[in-house]
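Order of writing sets the labels: A, B, C and D. Residues in every chain begin at 1.
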Amino acid sequence: MPGTPPTRFVYLGPEGTFTEAALRTIPAAERGLRTPARSVPEALEAVRAGEADAALVPLENSVGGAVPVTLDELVTGAPLVITREVVLPVEFVLGARQPTPLAAIRTIAAHPQASAQCRNWLRANAPDAVIVDVLSNAAAAISAAAGEHDAALCAPIGVSRNQLTVLADKVADHPDAVTRFALLTRPGRPAEPTGDDVTSLAVSIRRDQVGALLAVLTELAVRGINLSRIESRPTGEQLGTYVFFLDCTGHVAEPQLGEALQGLRRICADVRFLGSYPRHRLVQEAPVPSPPGLANADFADSAAWLAQVRAGETA
Amino acid sequence: MPGTPPTRFVYLGPEGTFTEAALRTIPAAERGLRTPARSVPEALEAVRAGEADAALVPLENSVGGAVPVTLDELVTGAPLVITREVVLPVEFVLGARQPTPLAAIRTIAAHPQASAQCRNWLRANAPDAVIVDVLSNAAAAISAAAGEHDAALCAPIGVSRNQLTVLADKVADHPDAVTRFALLTRPGRPAEPTGDDVTSLAVSIRRDQVGALLAVLTELAVRGINLSRIESRPTGEQLGTYVFFLDCTGHVAEPQLGEALQGLRRICADVRFLGSYPRHRLVQEAPVPSPPGLANADFADSAAWLAQVRAGETA
Amino acid sequence: MPGTPPTRFVYLGPEGTFTEAALRTIPAAERGLRTPARSVPEALEAVRAGEADAALVPLENSVGGAVPVTLDELVTGAPLVITREVVLPVEFVLGARQPTPLAAIRTIAAHPQASAQCRNWLRANAPDAVIVDVLSNAAAAISAAAGEHDAALCAPIGVSRNQLTVLADKVADHPDAVTRFALLTRPGRPAEPTGDDVTSLAVSIRRDQVGALLAVLTELAVRGINLSRIESRPTGEQLGTYVFFLDCTGHVAEPQLGEALQGLRRICADVRFLGSYPRHRLVQEAPVPSPPGLANADFADSAAWLAQVRAGETA
Amino acid sequence: MPGTPPTRFVYLGPEGTFTEAALRTIPAAERGLRTPARSVPEALEAVRAGEADAALVPLENSVGGAVPVTLDELVTGAPLVITREVVLPVEFVLGARQPTPLAAIRTIAAHPQASAQCRNWLRANAPDAVIVDVLSNAAAAISAAAGEHDAALCAPIGVSRNQLTVLADKVADHPDAVTRFALLTRPGRPAEPTGDDVTSLAVSIRRDQVGALLAVLTELAVRGINLSRIESRPTGEQLGTYVFFLDCTGHVAEPQLGEALQGLRRICADVRFLGSYPRHRLVQEAPVPSPPGLANADFADSAAWLAQVRAGETA
């Protein structure tokens, strides 16, 4: 029911990963029911089927890039919309069953994306350890707790859940690395604009990439809309056919973005609206101002002027 | 009073020129009062002052180009709008007091623009005649009637008014040459769209010509608006500062042109609306279809889609 | 013969107009032979026929706009190129046979473009005088000298030639009004770049105005070329078909403009090169700097980089 | 040594995957030395260090999208260039130790990307089997051969290497799915153009996405260059900062692409050339023709014209 805050949350499991940590930053989720799902498709299916009110899944990582399965799921099946984003600093910990000098560690269990983001740190601090690929951050922690490996590279939440000892914390090659998560619900009227919002879209273009992509960007540029993200994903049909995921500055209820959306709708093979929601900023910074003449107030002014011209009241 | 058909017409005189001939193609003017003015500014002033309901003045000629004084007058002083255009084939006649073989003519009175449009014809048919510049087509006819010159290059209407004999008719280097006239009134609600309309604008841009003019054309192109005319006029301030006169396909009441107009309003230093009115076609030809996705129906469709998205009814 | 300075000059006459005054600012013309022509076409024909080395004709006026006959002549007939521009302040004088109080003047002879540029001054200073149209500034001075009219609005040079008394000087509504003249010769290798040059072009586009003109401007913008002038002229074929006259910043010998010219050549129906020559500045002002990455040095750098990439020396 | 065909090949291992199969389609590799590497970085490091002449690694999959690690490696460390691409149909097989009815299979080992590409097939044909994630296609085959799981979803080459029985072949949800591999070497002069080439680039833009990406695409569009691929990857610095991977039609030795490359070099923060090489087409289809005026011949024509203009030979 639109307007009713969600109470039943599902998230990409297992328990003890960054996604659970991200979910728990949302007060309603901290109070509500939290159920891990085995995969992103399973999480989204739970919302589509009405078994959950909202799903939290990872969208992208500032080092590893987009999470393909999430993007692919968002453009197939029944529509879902993003109602909230959560940006979480990526800070791995190195955990072990007991205190161990780094030099004594022979094997470290890690999800390949985790070890990729800590490659330099591992090379500098545990040069002799063998990195063993496992299938999730949680699996890494569990395997270290079970004694299968000497240590695990995992999320802080994995340490507490498995009673591990922290050998090193804030492990990351990029100190500013973050992961961005999306809270997805069934479609409903978006919340009111806050003045610092993001609107997510999936846009399918026809095959002539240069011309069609130029046209998409021109529709945005003409209305002064900026992009904070652009990702291409294959449509699965053939090489070179893409759907683009765009994160635009602004809110669908605003005239500026509304006009741009209409323009995209006219020229693109398909546009799927994926939600307007407040931007989550870890560091407070002012939104980028609109180019001259392209603020929402200018759109209102030009609409008023056109009304006068149409009425013959002015020329 | 908007809606009331004009009955008092003023036009660029003197009597006996192409402008009077153009005015008399308008039924209401044929029935109404027709007063010649000594100049374009005088004609327009009469309408601004309420002494006339409408003024017919030349806008451009397919050979000679724009009529600068008309353009300059349209962007200074109180606003006026074009409510009708008249396109008239340019066909001069060579008239004289009595029948004369062309070879016997020694002097021909002609307005410089008239002789310029008939240069090749004159060279071929009256190679020995001296062309004497006079200040209007009507003055040419009058001077021939007065015996000051052997013949006059003038409008057909000048022959009948001055009891001249036609030595040659349909005189013109370009058989398809036309002059385009505008009927100007005080601002009022434009007539309904006909499906084949023109909208005239005067657009002032800031000094960076390439960037600013690119931006203007992009606002039009993005909405599928085509131009049938573009003229630049200096603003009088310094070399390189222009106001552009644009004739756009479409009507201000249509969504396509309305959105483009708002876009121009936002980015230009100034936009003056100069009227939406039916295109006058001498030869019937179908209007150019809109590019794919950019017809008025597509604008209506995209507006309906946006309304749904905003209501949360679809995504 | 390219490289030989011209010695025989022709100019738009009659004697005693601004064009003669402009010609005499060129040292070689002050020393050489100066012959007035009756018209712009006659002046250009003299150069084409080899009877003169160079012709000075007016190109545009900051108030009155382009001089259509000059533009039309530049795109028809054998090619000519601009080798020099002269910019002259427009300062009319009011001359009479004898000293006369302004209030006592009943008739003033004036070329219509001259009276148009002094309309406000005349209204304020000689409100009761009748303005009588004549066919040139020189004709105005001559008619005043002949006693046909009480005074003449003319060029300073017309006063001295006709022994008139100056009743008022620096007469002009726009104190900064200027006229720009072009010195035309038969084609030859352009002089070396000076760092502050203009390149003039005549560009014919196909009928889809918005798209074709956008493409022309994009070719320039992509290379950081700015326009100091853009004028459209009808081709004479039908309404809505234009040739555009462009004055670009830069010199044909420079890589930046050279690449832009090649781009125009590829996409336009026709491009006529009308010369690269030093910009004449009445007031010293620095040339506009190129946008970031688009200076001539950047073109040289990118060419060197490409040569390395092609040689496999770097990637 | 540029020009010397490679003889020592390294590829993304383990043995028995699609990458090995792709490598063996290259005659020189079939004859030469083929060494599996444990990871893409390890394979590329071998070439950089001179221990191998060329490395074959996966670039992208028409269903799964880009292979992030390959893209990231291509823009860090010493430059490597693509000298050849191999496109291979994706056809998984379901293999087992002995012939087994599909209905009797309880567990299937599969790499997550493999099971994702066969999800519908698995649901339809083995609805009751549990899919067990493993870390590579080869690992899946090995685990089935070891009896750890009832069957494996793997590459055909994995079946023969592990003496498995084929329960089903050509398993794939998208019958046209392909994987594209790149053969990488140290930089050298590219092979001659074939008339149907691809040029790969990595382009870093500054932060204003819409404007900067518009500028990149405009540089290509103005020269008639089309894109067959565009991928964005985060730079790792912060969300919203990207490097774009572009596959352009054409060859660096051609004027059309050469000019476009220079344009990108001028406006982008960084451009890395990743090679010009023949397009590998599974199905013969004609290359897309250049837009009017933008073929290589038109570039040659416009260069010749400019040379004439600069020499003063024509105007």
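FYI, a residue touches a chain if its C-beta (ideal position, glycine included) is under 8 Å from a C-beta of that chain, and two chains touch if they have at least 3 such contacts.
Keep in mind it's a predicted model, so treat the numbers as computed, not measured.
Peer 1: Chain A-chain B contact: same residues or different, taking over half shared as same?
Peer 2: same
Peer 1: Could you state the distance in Å from the CA-based centre of chain A to that of chain D?
Peer 2: Between these chains, centre-to-centre, one finds 26 Å.
Peer 1: Between chain A and chain B, what distance separates the C-alpha centroids? Give it in angstrom.
Peer 2: Result: the chain centres lie 57 Å from each other.
Peer 1: Please work out the Cα centroid separation of chain B and chain D, and write it as a whole number of Å.
Peer 2: For chain B versus chain D, the centre distance works out to 59 Å.
Peer 1: Among all residues of chain D, which ones touch two or more of the remaining chains?
Peer 2: 218
Peer 1: On the basis of the stated criterion, which chains touch which? Give every pair.
Peer 2: A-B, A-D, B-C, C-D
Peer 1: Chain B touches which residues of chain C in the complex?
Peer 2: Of all residues in chain C, those touching chain B are 60-65, 68-69, 87, 116, 133, 135, 174, 176-178, 180, 208-211, 213-214, 217-218, 220-221, 225-234, 236-240, 242.
Peer 1: Sort out for me which residues of chain A touch chain B in the complex.
Peer 2: For this pair, the touching residues of chain A are 2, 79-81, 187-190, 218-219, 222, 252-253, 258-259, 261-263, 265-267, 272-275, 293-294, 298-299, 301-303, 305-306, 309-315.
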